[in-house]
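Chain naming follows the written order as A, B, C and D, and within any one chain the residues start at number 1.
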Amino acid sequence: MTAVTFREAINRALSDALEEDDRVFLLGEDIAAAGGAFKVTDGLLDQFGDHRVRDTPISEQAIIGTAIGAALKGLRPVAELMFADFTGVCYDQIANQLAKYRYMTGGQVTVPVTIRMANGAGGGFASQHSQTVENWFLNIPGLKIAVPGSPADAYDLMRAAVRDENPVLFFEHKSMMNVKGPLGENREPSPLGRAAIVREGSDVTVVATQLMRVRAEEAAASLAGEGISVELIDPRTLVPLDMETIGSSLDKTGHLLVVQESPFAGSWGSTVLAALALERFEMFDAPPAIVCGDDTPVPYAGSLEDAWLPTAERIVDGVKALVRG
Amino acid sequence: MTAVTFREAINRALSDALEEDDRVFLLGEDIAAAGGAFKVTDGLLDQFGDHRVRDTPISEQAIIGTAIGAALKGLRPVAELMFADFTGVCYDQIANQLAKYRYMTGGQVTVPVTIRMANGAGGGFASQHSQTVENWFLNIPGLKIAVPGSPADAYDLMRAAVRDENPVLFFEHKSMMNVKGPLGENREPSPLGRAAIVREGSDVTVVATQLMRVRAEEAAASLAGEGISVELIDPRTLVPLDMETIGSSLDKTGHLLVVQESPFAGSWGSTVLAALALERFEMFDAPPAIVCGDDTPVPYAGSLEDAWLPTAERIVDGVKALVRG
Amino acid sequence: MIEIRVFEEETQRLFTQNLVRGSTHLCSGQEAVVVGGCSVLRDGDSMLCTYRGHGAVLAMGAPLDRSFGEILGKADGLCGGKGGSMHLTDVSVGAYGSVAIVGAQLPIAVGLGFAARYQGTEDVCLCFFGDGAANIGAFHEALNLASIWKLPVLFVCENNLYGEYTALRFTTPIEKIADRASSYGMPGVEVDGNDVGAVYRTISEAAARARAGEGPTLIEALTYRQKGHSRSDPGKYRPEGELDAWLERDPIGLAEASLREQGVDQDVLDEAHRTAETKVREAVQRARSWDEPELESRFKDVWA
Amino acid sequence: MIEIRVFEEETQRLFTQNLVRGSTHLCSGQEAVVVGGCSVLRDGDSMLCTYRGHGAVLAMGAPLDRSFGEILGKADGLCGGKGGSMHLTDVSVGAYGSVAIVGAQLPIAVGLGFAARYQGTEDVCLCFFGDGAANIGAFHEALNLASIWKLPVLFVCENNLYGEYTALRFTTPIEKIADRASSYGMPGVEVDGNDVGAVYRTISEAAARARAGEGPTLIEALTYRQKGHSRSDPGKYRPEGELDAWLERDPIGLAEASLREQGVDQDVLDEAHRTAETKVREAVQRARSWDEPELESRFKDVWA
């Protein structure tokens, strides 16, 4: 069991996927010769050659369209969009074509496309390169959404995504690239749609993904010192969403705090809150709470972005307010 | 006080806006000579000339970009996207440019662009032309979102949108074009961000927009016959969202049903539910409920689309389940 | 071609009877382009088209009855009633999809072409689109990528002079869309889109190049939309006499004239019409008799 | 040009000291394009550029200190610290925005040009973009619309041979981006982007045409990015000798040589360098001394 970075975990998953299945290929801007803007695909060109690891022009519509078309013919494309915010220039291909292709044709095709992209804030990239873009696709049935929060999850979810017969949007948090964690060999394939109980606890259920999961882990550790026991759940995929695991935890703790990086409206966090209010209203011992990003674009300056992005302290405060009433 | 259709109300609002302010102009595909795919801009070319009412190529990115650039120089563009689903091909211009321009420049500019588009299901247009697209933009701070549910609201909100200094996405439900309603002369400008209490009631608060508001009105009338008093609230704009009016109604009735056309995840309805669970948990006398579209793309066949789209009956049943427990 | 023409006439009839929902876009007058083009294809090749795709999908060999069934929203329609007129698809005959977002099929065609190269086959992808689509971003990105990767894609622009109700000259600052090929370093060819033989020959040449690994071609087929854009279209944007002039050059009329010149009897041609009418009538009757989809079927096919 | 060069060197220094966040993209080696281009503009004209926009914004006359301030995320930065290096904007001098999505500024430039026509002025919009951006859909749509509406937009492609780490020949199947102008029925011109005088003359001509209502021009300025794409860029994708050859043709060196030929004393040139260095040093010192933005300021400027 070695410790690897988030970046290395994805790199290894891609390498193993390419190794396992000839139908898998990678395409994107600067992913081959340069190894990717975040160096996630480093070395794969040398290992697998330019037939399977391909640099493209700056043409995101063409990248996604190519992935769709190739998948229609039985290939398993893994497309990179560098920054998730660039889904803006190919949103139609993702939301109107990829997500609906199988449905509109009455199930004549499968479209096993994986789209990898760097997500989230915290790096000083300003408004157009810092969004938590998973929220843009929640209301589009037909797309699975993976939001790994640790190197091991990144590896497992990537392997599962590439093997899945459905389109998967795969978000890699750009402020987590160097986060380290254990990654054992010979891992079991883990299906998409199963939440992780990152930490067991009894007082409060905290639900968080990606960078907020990392910060929630810190917060939980510090709260443990104050005698508050946090159960931390990472949904790992937002579609499918494992409401059963989240709900069971709420049943146990009676307290819920959702922590997310993005603004509130139309987010996965508000979706989870709403779903629990509908389905498990009586299980709440206190009103639920959320810690989330401000309702503004992401600002550039370090001081402003730090204030924008929820911190471990804010999570600690949120939990305390919840359990102490 | 004359009765006009939804279509006529918007047409009149556009005409009055063009009349009032030289800086206002319209652009879009087939809006001038042909009067628009839904005939909403019929006659405006003749009235105002091709300087101010302009047909464009099929180039949605260029349409929105042109609107942004013109607004930067002080004009007040009203762009049409024909079907709201086509925001997919210009999502970047809307979400990454238009919404953030003012913020990223530290307030150096205002960008008073209005984008009109035909929204929603019910017309047999299948998956790529039937979505409730307002949900795609909820998580993008910087965009106001108008969802008129009657001819009078359509008129008032359109006038307010064009006068607003901020970007406004204006959704016109394609299955409501021929819905009729009263429209008085010399109307007061009404600000964006104020919900309408469409019908006062005491037992249940129902929140609905656009076509679902129409169906909820039917449902409320029929429920009144059975002695159930529905307070029907139409938020009218989703950004800003008038949580005060919705919340006060809940305080009064203690029961909440949200009715929306779109699937649940990442929608305005789940946002409203979550916000109330956070802010007014104690005011619920029973768990809240939702009636919403299925978690699938919109199917084509009449039978399937009818089943997909919430009906007045389903709203009636939802209300009954809520009040009778 | 005749079958397609009769199919479209029947579709229009169904539409006016309110049996077709949403919009439907007929290809009457443009049959030679799709028939000429699709005849070039062979097993393994693929075809993508637009919401105006009935003709192309039929030309690939989709069954008449299941095509009608789809347009009527029946359980046994090609797509189980989920797609409708704008999304006719029959992968079993190589018709990989009718796409209703203008231009969106072009990037997907690049992928179908790519798969052939990746898999080491000589398959090609034939991709139809309209003149109006040549102004949308996806067109540009698709042609550029197909060219730089030398992919076997045949981009066929059905130039019918209009995008909806707006004439080409108001939206496109050049005369020939085929000339845009030079921006991508690929050949651009014009062809009389109402001459089915000419279309066949032109697209055959492009296909041969593509199969040989020499990359994509942009083909502009000049044709005319004899009907409205969709539904009730007043058509007042057409200059006087334009429609009549094009009706003179009707692709079916031209093909028949050329067959007559080659000595085919008028009887044979009349017989072909009658056969087409019978086949179409029987097909539509069958399709109309089919069941509506089960309501639960709407939950299927979101996920594989 | 010298000031911009020194500004960029200072920015790089700040970056290595971890005072600049995210990425920063220097324009060293490309100064002649932006200086030559922006010199053509007059009051009322507008300019849009990319994330590699420090030079263009300075060439419009933005103050050095507030530009540094923005890059450092200070309250008195041009955008109050909200935009940063990739979004330098100073509308008061006509610099309407630095856009960080490749190609997204081109459609917006069409609107700035449109406003001039609508308002009946002779203003033009100067729009910079990279060679890589010429493959994205927005480029295509913007040039087409600007042309059909004959709008006063000068589309200037800064061809520095690379999009990030990938050479043009791997992404673009033609030699000259200027040739793409023919797809839009507009003139396409190439110019030596390291010759500030040539750039000035070429863009002046295009501006004169635009002001006269004769429409847009596509100008391709051949130049070279002397530094990495951003941050720590190993640069191993460059063929040996390429950088050196281009350093020989450094735009500032060339301009100085030409000035010397015209009889300008070396002393004068040295003095210019010293002045630039002093101004930049003083500006950066001022900017560094400024306050951080107040935390509450992050809630401002979402809405007007």
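Some notes on this structure:
Going forward, contacts are C-beta pairs under 8 Å (C-beta built on N, C-alpha and C of every residue); 3 or more make two chains touch, one makes a residue touch a chain.
All values derive from a computational prediction rather than experimental measurement.
When the partners of subunit C are compared with those of subunit D, the chains appearing in both lists are A, B.
Subunit A and subunit B have Cα centroids separated by 30 Å.
Note on chain placement: the centre of subunit A and the centre of subunit D lie 35 Å apart, centres being C-alpha means. Look at where the CA atoms of subunit A average out and do the same for subunit C: the two points lie 40 Å apart. The set of subunit C residues that touch two or more partner chains comprises 77, 79, 81-83, 87, 99, 101, 104, 135-138, 141, 144-145, 148, 170-172, 302.
Under the contact definition stated at the top, the residues of subunit B that touch 2 or more other chains are 56-57, 59-61, 85-86, 88-89, 92-93, 96, 103-104, 126-128, 141-142, 295-297, 299. Taken as a graph of touching chains, this assembly is complete, with every chain in contact with every other. Contact residues of subunit D toward subunit C in the complex are 135-141, 144-145, 147-148, 170-174, 179-180, 182-186. Against subunit B, in their complex, subunit C makes its touches with residues 20-23, 73-74, 77, 79, 81-84, 86-87, 99-104, 132-133, 135-138, 163-166, 170-172, 237, 292-293, 295, 297-299, 302. Within the complex formed with subunit A, the subunit B residues making contact are 85-89, 91-93, 95-96, 99-100, 103-104, 126-128, 135-142, 238-239, 241, 262-271, 273-278, 281-282, 284, 286-290, 295-297, 299. Across the interface of their complex, subunit B is touched by residues 46, 77-83, 87, 89-92, 96-97, 99, 101, 104, 106-116, 118-119, 125, 137-138, 141-142, 144-145, 148, 300-304 of subunit D. Across the interface of their complex, subunit C is touched by residues 29-30, 33-34, 37, 55-61, 85-86, 88-89, 123-129, 294-297, 299-305, 307-308 of subunit B.
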